[in-house]
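Take a look at the structures below.
Look at the two complexes coming up: chain A is in both, with chain B in one and chain C in the other.
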Partner chain A sequence: MTHILDDYAVLSPLRYKNNWLKLSVVTFGILAGVSSNSPLVPLVTAACMSFATVHFGKIPSGLYLRLLAGPAGFVLVSAVIIAFFFGEGVKLFSFDVLGFTLGVSSAGLNMALLVLARTLGGMSCLLFLSLTTPMIELFSVLKTTKLPDSFIEISMMMYRYIFVFMEVAMGVKYAQTVRLGYKDFRTSFRSVVMLGTNLFIRSWEQGEKLYVSMNSRCYDGKLTMLDEKRPVKLPEAVLACGYFVLVMFVFLYTRGMPLI
Partner chain B sequence: MHIFEGFLPSPWWQIWFAVSIPVIMYGIYQMNKLVRERREIVPLLAVAGAFIFVLSSLKLPSVTGSSSHPTGTGMAAILFGPAVTSVLSVIVLLYQSLFLAHGGLTTLGANVFSMGIAGPFVAYIFYKTASKAGMNFYLNVFLATAIADWVTYVVTSLQLALAFPFEGSVFASFKMFALVFATTQVPLAIMEGALTALIMKYVVQVKSDVLVGLNVLTSTTVAKLKGAME
Partner chain C sequence: MVVLETKDLSYSYPDGTLALENINIKIEKGKKIAFVGRNGSGKSTLFLALNGTHRPQKGQVLYHGNPMKYDSKSLREVRKNVGIVFQNSDDQIFAPTIYQDVAFGPTNLGYPREKVDKIVTETLEYVGLTHLRDKPPHHLSGGQKKRVAIAGIVAMDPEVIILDEPLSNLDPVGADEVMDLLNELNYFGKTIVISTHNVDLAYSWADYVFLMNDRRVISEGAPEEIFRQTENLKAAYLRRPVTLEIYEEIKKRGLAKVRSCPRDIPDLVQTLRSQHLMWVDVPPEVEEGDTINLGILYGEYAQDSMYEAINCRVLHIHEDGLAIVEMDRKALRAGSIGIYDTSRYSHEELMRIISRDGIECVGAMGKKSKLIAEGDDLYIHVTSGVIDRSILNALSGQRCLILTHGGMVDHAMDRIRCYIEKSGITLPVDVVNPVKEE
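Moving on to the complex of A and B:
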């Protein structure tokens, strides 16, 4: 909770690249990953995107690995369930537990590996976007879509206030921790309740103040934003095209080819 | 319980987007109506969304050892109703996937359906019927929030089961996913229910006019609740 990914995105050198180029690279990778039947495609996108994030985006690799391991709990549990129960056919191996026969069939194992690879690929695409593109840049993209104004306004103000409340929450949490507020289950529950209440009341007062201050500055239901023009440079375009071609090639080559 | 990026295969993530988008459109329509009536609601909703985001990134003290985070959707449903909650949850889930690497973009539709639509909707219906039946406000908040979490977890298990049926049987895989995730989700829901009920207790004590302004409570119930404390 100490750092959110946006903090890294603001410092990343890739921040100053064209937003649409980055978005198309990410969308392409995600779509290729979820629609492929072979684990190789998402693995290739994962490798390319991780390289781009760590090498071009200058993200510390330790942090990057920790972020990729984030979903591991959920994903591994689900993959194990899928491996054991998905698909029929010849079991590769099986054993008895309390009278039940548990076995892994080749279909199940293939599916589990595919799901693992897809999640890895998808997460690395998502991390590329969130570690190189701060939300401020994405707002100008959102403005060009047909989404209603009130939706975008609320997301912009919410973005701002996430940082304000994060800071409040962290301050309160430190203060509680040094006073042994998290020493055991009972006290930590009490502390979390106090923190939540304080945050709620404070956010409410902030919201009322925000309205008054915006009104006194002639807020008429529209926040205007100017975005910078950043043309795509040739080397970036070549690199992106090379990536598209590589992934397409792997996609077509491995179609319908099981790993095991 | 977020489904992570890339976890749902091709027909299913589109289906969940198709299910969620009409509800979100209805929510935006409702929200625009509210905004036209009372313009001060825009900053309030934004701040409420930021509150939900920060609340959901707080770690709850956990019983089973796994890290567990509250979702905050049950509370939002009680405060703003399910339509507005669905819109707020879209933004919150998008920020969670971008800022915390929690959830994903293709799975956004499925996550919005389970956390932003199904959970809050059931919780809201429960809250309204129970408060009509005269249930104690705090018990009601506790149950409604816990139910929101449970519905979310059941729907997520169903989404996973539909995408990965075992030997052609969705029910068998649903049972399996639900059983395994119950170990973390059932205690989490109870914790979050207790957390929300206690937060509401302090809010009634300190700043009850907020709840009256949102039509969550009438001023007579607030007076009664405050009287019961003294």
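Moving on to the complex of A and C:
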């Protein structure tokens, strides 16, 4: 079975830490990264969050780097383009291509580094959240946000049946493949359509079966929420505060100070 | 006492397909009941009529003698007491975590939070799944999902538990664990109803069997009667249980006693005639009609355990010194069965008992006991069909120990005593770590 992100989150030891603490750490990191003018702040948050995810969250570092590589590759390309096309003034260096002069100014380079750092910082914050907080924990957070109960209940059931249908879809896809259902573009197209139709009918049937089975257990519109009391322990609080102080310090120190 | 009853019940689906026709059944309290029939014979539809999901067009369902009413309050009452475990666990387990799914029923019954929490914790421990309480269901194996589904029903404390094909898609040991669980629940007074097309299971497990085919109940009664009616079985597209087949065959060959009806392997072994005659070499001075003592037989004469052949009467002496003797057998060492209650488990004590009693064969019954054995690296010889296997091993002279807990201790004692009574063979059986009296 292939693991999906949520599976890593379920198995991560950080899952059992206070959800609100994790959420505030992540929100703080993103806000600090976005409001800072210096690329150093988001880089510090990125380093801290990556360390926390891999070391405390016990996420395989190979997997983590692969996850980060996607957006990082994208933003690297963008950064190069920004460096060349943004910013006026004295060029740090320049060269001629087919009669055009391309050059990088210090303002453009600063901008490119800032974008790069902000993206990495934001991504590592989000990855920290999604790799240590499974959906099942977030439901109890949603519950306190005054969203309508039925909305949360439906999302809980959707969450559960995503996996059921994923298994069905994988089974059907496999059954189609072994009978050469994906041998060329035409047949693949047909097979995908059949897979979709089949899944639609299955989910319809599943809905009815679910209704019967829930009624058999006297369903009257209430689901239990998993809101376990997980008080913030002292070492966690100290660590989080240390992180806040570090980021604030870097933030204040680098304010208005361009890197180059 | 009759818990559930149907009178002339007929039901057809909204599209007009007739699904049940004139069903008259009575389900008695505390019994183990099996509905046997091939796929599509109407078992699942009947079950949904029994908890009020399907409303019959004709006839009625009676719960404790009162006709079922279909307003929501009466339905709640019935559904609290008649729990259904569905064939496909994924149809039933819908909550994102195991804990929430088991808590679903008790929450719907309107219990306060603390009570729900207590019930769920106890139930999960009971089915041996405490360690998985915060896991999402898609991380579980088929057997574990089935036990979660059963826990979800047990948590509502129903009077009758109905299971639709409880063993489908389970491996043999997983199936055994589910059956152990059902037996234990039954021992504590729950009425268990299952549907199955596995004739062997229905024959060896049930107290009472309904045979279904083509929307009707075609025959009902004790399993010993039902499964000997070859015609009815043929009409229901089923076959005879393997134990009965073997018995009939060895009976035809004159190797088994007539007029018995073995339900499990110990029963079957019991029907075998003992081997009385044997070819042996005799010294020349022995004459026909003499009584000789052959001493202890072992090795190829006695594969499983040694026995003493005494007072053998020489019936006939062949020319080359071979003689036919008729003998009495006396087992040299009787086996025994000890039952160890793992709810009072201590590793040292168990090791002491194993070495003290010279235990050769340890069996574990129930998830909790298996987990304990696994945790402490105990080698378990028998993990499925534990009681039967222990009886058979004890019969051939081994000393067996069954690790189990809770209600299954008494259940195992009862089963073994019942065997002793039926067969007339005395086997020492005892709980080896009884409750210490204060």
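Heads up, the rule we're going with is that the second predicted complex is superposed on the first by the 212 of 260 C-alpha atoms of A that agree within 3 Å, B and C clash if a C-alpha of one lies under 4 Å from a C-alpha of the other, contacts with A are read in each partner's own complex, and residues count from 1 in each chain.
As a working rule, contacts are C-beta pairs under 8 Å (C-beta built on N, C-alpha and C of every residue); 3 or more make two chains touch, one makes a residue touch a chain.
No experiment lies behind these values; they were computed from the predicted model shown.
S.K.: Is A:N19 contacted by the first partner chain B, the second partner chain C, both or neither?
M.R.: In the superposition, A:N19 touches no partner, neither chain B nor chain C.
S.K.: Could you say whether A:S106 touches chain B, chain C, both of them, or neither, answering first, second, both or neither?
M.R.: neither
S.K.: Now for A:S216: first (chain B), second (chain C), both, or neither, which partner does it touch?
M.R.: Touch partner of A:S216: chain C, not chain B.
S.K.: After the superposition on A, what does A:Y161 contact: first (chain B), second (chain C), both or neither?
M.R.: A:Y161: touches chain B and chain C.
S.K.: Quick check on the superposed pair: does A:M135 touch chain B, chain C, both, or neither? Answer first, second, both or neither.
M.R.: After superposition on chain A, A:M135 lies in contact with both partners, chain B and chain C.
S.K.: More residues of chain A are touched by which chain, chain B or chain C?
M.R.: Larger number of chain A residues touched: B.
S.K.: Taking the superposition as given, does A:T254 touch the first partner, chain B, the second, chain C, both, or neither?
M.R.: It touches nothing on chain B or chain C.
S.K.: Taking the superposition as given, does A:V10 touch the first partner, chain B, the second, chain C, both, or neither?
M.R.: A:V10 contacts chain C only, not chain B.
S.K.: A:Q206 contacts which: chain B (first), chain C (second), both, neither?
M.R.: After superposition on chain A, A:Q206 lies in contact with both partners, chain B and chain C.
S.K.: Going by the contact definition given at the top, which residues of chain A touch chain B in one complex and chain C in the other?
M.R.: 6, 135, 156-157, 159-161, 164, 206, 210, 214
S.K.: Can you name the residues of chain A that touch chain B in the complex?
M.R.: Where chain A meets chain B, its residues are 1, 4-6, 30-31, 33-35, 42, 67, 70-71, 73-75, 77-78, 81-82, 85-88, 111, 115, 118-123, 125-127, 129-130, 135, 138, 148, 150-151, 153-162, 164-166, 169, 182, 185, 188-189, 192-197, 199-201, 203-204, 206-208, 210-211, 214, 221.
S.K.: Could you list, by residue number, the parts of chain A that touch chain C in their complex?
M.R.: Answer in residue numbers: 6-7, 10, 134-136, 139, 156-157, 159-161, 163-164, 167, 206, 209-210, 212-220, 222-226.
S.K.: Please name which positions on chain C make contact with chain A in the complex.
M.R.: Per the stated touch rule, the residues are 48, 51, 53, 76, 79-80, 83-84, 86, 88, 90-97, 99-100, 103-105, 107-109, 116, 134-139, 152-153, 156.
S.K.: Which of the residues in chain B end up touching chain A in this complex?
M.R.: Where chain B meets chain A, its residues are 1-10, 13, 28, 31-32, 35, 39-40, 42-51, 53-55, 57-61, 63, 66, 87-88, 91-92, 94-95, 97-102, 104-106, 160, 164-167, 172-173, 176-177, 180-181, 191, 194-195, 198-199, 202-203, 206-207, 210.
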